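The structure appears below as structure tokens.
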Amino acid sequence: MAGDKKVNVGVLGATGTVGQRFIALLATHPYFVVHALGASERSAGKPYAKAVNWKQTDPIPSYVRDLVVQTCDPKHFKQCAIVFSGLDADVAGDIEAAFRSADLAVFSNAKSYRRDPHVPLIVPLVNPSHFSIIPQQRALHSPPLKKGFIVTNANCSTTAVVVPLAALERAFGPIESCIITTMQAISGAGYPGVPSLDIFDNIVPYISGEEEKMEWETLKILGGIAEGDDGTKEFDMHSKTPLRISASCNRVPVIEGHTETVSIRFARRPPPSPQQVREALQAYTPDTAGCPSAPRQAVFVHEEPDRPQPRLDRNHQFGSGVSVGRVRQCRVLDIKFVVLANNVNIGAATSSIINAEIAIAKGVVSV
Amino acid sequence: MAGDKKVNVGVLGATGTVGQRFIALLATHPYFVVHALGASERSAGKPYAKAVNWKQTDPIPSYVRDLVVQTCDPKHFKQCAIVFSGLDADVAGDIEAAFRSADLAVFSNAKSYRRDPHVPLIVPLVNPSHFSIIPQQRALHSPPLKKGFIVTNANCSTTAVVVPLAALERAFGPIESCIITTMQAISGAGYPGVPSLDIFDNIVPYISGEEEKMEWETLKILGGIAEGDDGTKEFDMHSKTPLRISASCNRVPVIEGHTETVSIRFARRPPPSPQQVREALQAYTPDTAGCPSAPRQAVFVHEEPDRPQPRLDRNHQFGSGVSVGRVRQCRVLDIKFVVLANNVNIGAATSSIINAEIAIAKGVVSV
Amino acid sequence: MAGDKKVNVGVLGATGTVGQRFIALLATHPYFVVHALGASERSAGKPYAKAVNWKQTDPIPSYVRDLVVQTCDPKHFKQCAIVFSGLDADVAGDIEAAFRSADLAVFSNAKSYRRDPHVPLIVPLVNPSHFSIIPQQRALHSPPLKKGFIVTNANCSTTAVVVPLAALERAFGPIESCIITTMQAISGAGYPGVPSLDIFDNIVPYISGEEEKMEWETLKILGGIAEGDDGTKEFDMHSKTPLRISASCNRVPVIEGHTETVSIRFARRPPPSPQQVREALQAYTPDTAGCPSAPRQAVFVHEEPDRPQPRLDRNHQFGSGVSVGRVRQCRVLDIKFVVLANNVNIGAATSSIINAEIAIAKGVVSV
Amino acid sequence: MAGDKKVNVGVLGATGTVGQRFIALLATHPYFVVHALGASERSAGKPYAKAVNWKQTDPIPSYVRDLVVQTCDPKHFKQCAIVFSGLDADVAGDIEAAFRSADLAVFSNAKSYRRDPHVPLIVPLVNPSHFSIIPQQRALHSPPLKKGFIVTNANCSTTAVVVPLAALERAFGPIESCIITTMQAISGAGYPGVPSLDIFDNIVPYISGEEEKMEWETLKILGGIAEGDDGTKEFDMHSKTPLRISASCNRVPVIEGHTETVSIRFARRPPPSPQQVREALQAYTPDTAGCPSAPRQAVFVHEEPDRPQPRLDRNHQFGSGVSVGRVRQCRVLDIKFVVLANNVNIGAATSSIINAEIAIAKGVVSV
């Protein structure tokens, strides 16, 4: 990002859980400036501080307190080079499409377009190369777009696991199979989200649709892009070396931070040792140079036997990286470890923000 | 159990967490009568109600309030046909040995003798047949014992998983591999146990020694007993069909009830379907006929997608059985499911009590 | 209750939190038999086990699993001598009125009629004498009723405090002022009730309308009934000796059991000593003779310095009494103490059930 | 604080809960530089990062990771102008005395000297004027001291309430009586502190010695200093206008932040209105000018009906102020409100740090 140029951004779903996190994070961003806030009719017309039921532990940033909330209509966001969407899935589909049609660049947290064959599903610490599908996405639009597009980021529980998997595939080649058990924080369900009576002193061993998302999204993110004879690009879903993933998802009484146990089997024989795995994770450097919100250490590897822990480690690097610990041999597959990611930061808003920083750095968005 | 005969029992470690549970459970037992209570010097000489820091949700049973606590010396327990031990591992070894030497029948929750080649590790819903090693245990003692022996029950997290594994091996033959992630309740760590600052809004992805216990104990419990040419019996550790187990153990902010996700691969090809697995679990009948504390349904299979849950299901059948839910295909191994067991009931005190009932029914203890 | 006569009862709001508790409690009742269940259109026509999202720690009683849920129309409840209402306040008003008009005896947990000048607000351990207003309630109905009436029980936080206050007024005469701080369990807010994100690791120092309810209801319950020259009865709101009450209500992260700190000043000088207060509380005997659901000890007085505690004491006597502890001098008023009551038992369903038992014993309901 | 001068400070009890908070807070202090760390023999000789079991949500500040921990012997702290003590009460008495005798300025969180007639008990937002007793404290030492002294700060639950009380006495004159109920976080009990089994889904309505501390400390802090004919100074314990305080202390399942309900009666008739109270609290300006760690707003007054809440408000201004909400009339005394203070910041370490800043500003410590 050359010079001191500021970039206007908008936030859709600004009063929701993810929207609040966007606003908290953008308060100290070096060049993104929140220019417009979108929410439902109920909130539109009110100053943000009146419209929102603020649930963050830090106070509402002063810069948005008096910003008047708009409806989610593209006309209010024309001056935004970037639009972050924290919309709920039930409304995100139509609104995000309308924004794209209005030639706006949309960075979405919703699941609506994750499975779209022309929309990249980008975890910034893993697959920024998937931005290469954007020209095709624009070209296929009718009429073709100049600037508009949609990029999604992954489900929070997927994000946690794909970062170490990407690091290990880069170092040791394809992974063949992966068994994951998640212990997911209540904040992952939004607000009001999980009733307290359902989760106090309890575990709910089921999150609707979550296991399918993890099993499917991982393939799209870790896979490459195949190019047909006619130049058409297509996500290959890791099909050159099939990867089998099995997830068991649980809701646990933790406020923030998804913890996951992971067992993997590499294609290569013999597999790397735990120590080699540790070193490869620690050495992993994603393609996020020049992105101010990216973590300095993408994967922080803990040596203590009892870490990472959500309460102690979720805020490390402002929740922008992932933490891995307990790397050791698995008696059934090859290697097992524990991964922790802050579901509302790298698992949601922070991912979108870094994605936008990458898009600017790559010239996908021009400012 | 013929007639209305009452059986005197003793409880060692009576003031501790497991000891309290023994006392609560025995309060309504049809024939066991608490005759003697053993605890440390500090408690000895006091009426139980004064000696104990009672932490159960039900009040202290009136029948023991005024019973005077003794030291853990066999001389105070001579009239007990059964001695239940809820002692901590650091003292259990010596005390339980002394009780056995005094020709007393000891049913222990401690880990001290679980790996002893002559001590059976019995989960009552799984391997009561292992009582057959008792004559050898007695004979090897010097001098040989007439009535004394030690039986242990398994670690609470092991107990949860071996019950469905035993059911499935009985129905479908050997299991080849098993990956388990546990989410274990704080009560499994005793009292004072886990500091609140360590586990509020948190997960600790490590429990010292727990994974090794699960991986080892499961083999001893699910294995058979080999007989040498000289008639010497030996636990075969499931060696005829090797079974690989990989456990990841976590402490979670739940008071009672261990929840575990389990993925398994059968030796037999093709493997059974999820529906066949469900039916086999539901149909499983352990060898506990005539044991009043045994559950009517050893494995309760939930059909709802979001069960079992510790807070809602841990007290089903007074916590004497295990609950299984979410039986479905695993993309990496064959089948995966969720299992829940009440760690302080079937995972601890209830197991010892049913073991004692079995010992009486089998004539291992004569009353 | 003479003989073995069974009494048919109905439950309105049967699928809700209070309704579930009614059903759990009535499962073992000596003479009440659940004959009809009422809920919303959405549930009507389904067997109870299919209609309900059961949240109790004990399983659904088998006796109601297949009972078909009805709409809340009096015609389905004609054979019920008693109708318990666990309806939400937003619908309770009209439905309960319709049931009364249909000459049915309604025992309500809702707040709708608590302030009605002809409806008694009865805490069974305190003011069963207020049933004496029922004839007037019936007579004022148009047309006058023979059997129908509405009785309400108090708000759960009020119930906790009025029991010891009643005991102390009986022993020592009028109380002049009372300052209360409540720490109320999440189950008091029903289901889905309090979002987990609002109450994990948190306290909410406000419950809408709760302080006003406590301050007003206490006066109605502890007051007497004045009779005008024309024989008209009227609740006197403790006006002969004015009682000032000040409540501060808080929601805390506890599942069940409301804990309250209470400071009081007596009219009489000198006031009783803490020891006299303890004895009076312990000796208090409400007018619930012959009621099988009433506690044997209305007020259980703890001697330990750190009791009562909700998790340890809320199930004492099946939650039908209240627990008091830490009776000591108050440097500002006279005496202070801690009170605990199970908000879903004596604070809700159990109160209605005992009220119904009293009504039968007094002949207000004839069976 | 003139210029850019750095001031060396030491931290005693550096590995404990309060010590960790000191170290976290001092990491970004404008002029205090941690020069020496003291802990028990067990930790001495190790780099801090090895000695400590770090429990803060932010990582160990890099500046202390390799600092070698010393024993708590004054000889290691000679170059420290300020020594902060986070020692446990059982060892603080002797060690702090030894440090004072070695002519060091000790700012203590322990209770050991709070009742000492020559040691001021200073809540920095309330009574910095009590530093005037220091010359007398030094003079009475044998031999008289030049620089050494001990200053204590208050118990965390006292600190919360004395700030608004001081603000109100300044505005409206003496307060006559005050009834307080506290809901105190588990972090107030240190580490390991409260066992999780004691406080999950529970409230403990008792904290040993806490009520006495609140009732006594408040008088010392809010009182003045009387001077005898011989010039001897003495804390007057608010005796000119007696103040009666009654506290009920509870431990609640909250990690950080003490919430307290407070009812007060003023001497002056008529008392101020809620609105006047709100304005006086908001306008309150303590004597902390030039102290970089002091809050900009000593008392933050919330207008929303459901605030303050510990999880949402404890980090406001880095926990250096107190939050008040729900200011309203009390039907028994005059006014009631809710106060929240971060028990580990303004309730502990932050208070000591501001006290040290004041001591430098007043010249009590010369640097």
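When the chains are written out, they are named A, B, C and D in that same order, and each has its own residue count from 1.
Methods note: a residue touches a chain if its C-beta (ideal position, glycine included) is under 8 Å from a C-beta of that chain, and two chains touch if they have at least 3 such contacts.
Here the structure is a predicted model, which is why all the values come from computation and not from measurement.
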Copies chain D and chain B - interface residue numbers shared by over half, same or different: same
B-C or A-C - the one linked by more C-beta pairs in contact: A-C
Whole-Å gap separating chain C and chain D, where each centre is the average of the chain's CA atoms: 43
Averaged-CA centre spacing for the pair chain C and chain A, given as whole angstrom: 49
Separation of chain B from chain C, taking each centre as the mean of its C-alpha atoms, in whole Å: 42
Overlap residues in chain C, where contacts from two or more other chains coincide: 55, 200-201, 253, 255, 311-312
In the complex, chain B residues that touch chain D: 55, 186-187, 191-201, 253, 255
In the complex, chain D residues that touch chain A: 54-59, 200-201, 311-312, 314-316
Of chain A, residues touching chain B in the complex: 177-179, 181, 183, 200-206, 208, 215, 244-246, 248, 250, 252-255, 259, 261, 263, 265, 305-312, 325-326, 330-333, 336, 338
